[in-house]
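The same subunit A turns up in both complexes below, where it pairs with subunit B and then with subunit C.
Entry: the complex of A and B
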């Protein structure tokens, strides 16, 4: 950034590098993996420490753990129905893993692992394979009638069946791109406005420092907005998983 | 954002299928042209479902 011609390196923040010295280097343990471990550890700690007191009137952390349990449990029961209780652990883990990844990424010097399509695509493929396996387990070969809605004219089958199959296959694509694109866009915007601040102060001196208050204010607002997006995208991922599971369990 | 992603994702999947079929059967423009149309239709179908059309009011998203 301190080069003579100031330029905005908005995508450099997503570059992976190994951490933990030579041990991490030899097994390619990157800062992305480190953040995943931190997110998982924090989640387990939140639940373990939160659930330990078993108080009738919960303290703050226990209330947090219980509320998050209730929130996802309600979502599963409401979206999937009675069979949803079986999928509660999956949806809970997905929601909080993504939420912790998104929110931890907003801290300075940390890294957003959900901003890599490799991570989001792996999660989405896991979901879609599970949904297909669940549908096959519940309905057997009857599952394939999903691609041809009952009551549609038989003449239209050559069009409807490929369209339904493409629509089904596009689910993991849209699921992964939505999360990854939202995270990348947010962090690029933050980086760009932060660069404006540095460039203004560097180029115009005292007037620039006063002018830099503009991008700073925008960044403050953006951080708030990014917190909303971080929660919303985790919620969207979890609720879409529920909706796909509902389709798998009930077929239409 | 959501609507755009749905449209593009369906189209991308369709083009990938069409391209792979063409490569396999050596019929370069035939399947890709067909699947672009189907992909567009699938994208619109996805958005249609996203808007909750064609479903009982209890299950809208």
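Entry: the complex of A and C
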């Protein structure tokens, strides 16, 4: 063991395994899905416990529930316009599902389901399919003029149309990879510095323990930074969804 | 990278569960939790609106009361002013009447006094001719030793007096 070159397994944390014993195993219920259920449950509990007092002057939890509601409602109304009300529950679900997933993933021994490209891609594809369906429902075939802005010279059509189509199709890609990459990078860095700490303390004895304070301090700072990223990425996902929905409703 | 290990059936199973969980969460949020929070917000907005309405009505009532009070004060003031003016006018009239009576009495007294003065003066003037005649007779008898005819003296006195009065 001591002769072995110590290696850092930064990616092992993302490995999926089933939970809940043989029952979870038989339906392939992974720890990722468990965290989704926890996130959803916490979100529902937050809203239920918050809204239950129905006080005119809200307490802390009620203020939290109301601020969450108002924040996303305002975002939808501001970005999408009058039609935003219809999409409010979806944007709310997206924002808080991702936010709770990101933040819960920062807890020790938990799992970040947003660090899986399959998950973020599924969410992004859902968004883009919805956006396209909404655009077609609102504008019918007129929607395809979206790929050729009015007033542009006809000569440039062979260039503009493919560019617009590629830009449209790259939306789900950028949406999913942005969230996925941010989460993976943060957790890999946390893992790497934590491993440094353990290795230093193990290999260099007392000096190593003192030296391990460095990576520890870095990890403390990183956790704060990751908390910011958790909120930021959830916000980015939600606001981009709103902007895409605005485009779908108003076509430019 | 375990995330890119699509050969692992758990990667896909995770997405299937994601779809189920997300759908359930969406339905629970849109049908139950969000309307609940929305109802709380609406309840607050309604309460505030009702309270504001009540406050506005109270303010209107207060404004009306103030206007009424101002009007009552003004009318009371006007009545008082009119009454004061009437009293002053009556008093002035009474004073003027009293002054008139007084003046008349004083005028009458003055007139009587003047008549008495004029009578006294006439009496004095009538006595003057007699005195002057007596004096002239006495002067003549002393100077000449003769008596003078009473009629001549009287004529001379009368002409002298008329000359004096004309001068």
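Descriptive notes on the structure:
Operating definition for what follows: the second predicted complex is superposed on the first by the 248 of 252 C-alpha atoms of A that agree within 3 Å, B and C clash if a C-alpha of one lies under 4 Å from a C-alpha of the other, contacts with A are read in each partner's own complex, and residues count from 1 in each chain.
The rule is simple: contacts are C-beta pairs under 8 Å (C-beta built on N, C-alpha and C of every residue); 3 or more make two chains touch, one makes a residue touch a chain.
Quantities reported herein were computed from a predicted structural model and do not represent experimental measurements.
Contacts of A:169 after superposition on the shared chain: subunit B is touched, whereas subunit C is not. Applying the stated contact rule after C-alpha superposition, one finds that A:133 touches neither subunit B nor subunit C.
In the superposed model, A:156 lies in contact with neither subunit B nor subunit C.
The partner that reaches more residues of subunit A, of the two candidates subunit B and subunit C, is C. In the superposed model, A:63 makes contact with neither subunit B nor subunit C.
Of the two partner chains, neither subunit B nor subunit C is touched by A:204.
Judged by the touch definition given at the top, the superposed model places A:243 against subunit B, while subunit C stays out of reach.
Of the two partner chains placed by superposition, A:217 touches none, neither subunit B nor subunit C. By the document's definition of touching, of the two partners only subunit C reaches A:40; subunit B does not.
Touching subunit A in their complex are the following residues of subunit C: 1-4, 6, 8-19, 21-22, 24-26, 28-30, 33-34, 36-41, 43-44, 47-48. Residue ranges on subunit B touching subunit A, taken from their complex, read 1-2, 5-6, 8-10, 12-14, 17, 35, 38-39, 41-43, 45-46, 61. Across the interface of their complex, subunit B is touched by residues 159, 162-164, 166-167, 169-170, 173-174, 177-178, 181-182, 236, 239, 243 of subunit A.
Listed in rising order, the residues of subunit A touching subunit C in the complex are 11-12, 14-18, 27-30, 32-33, 36-37, 40, 43-44, 47-48, 50-51, 54, 56, 62, 65-66, 68-70, 88-90, 92-93, 97, 113, 115-119, 122-123, 126, 180, 184.
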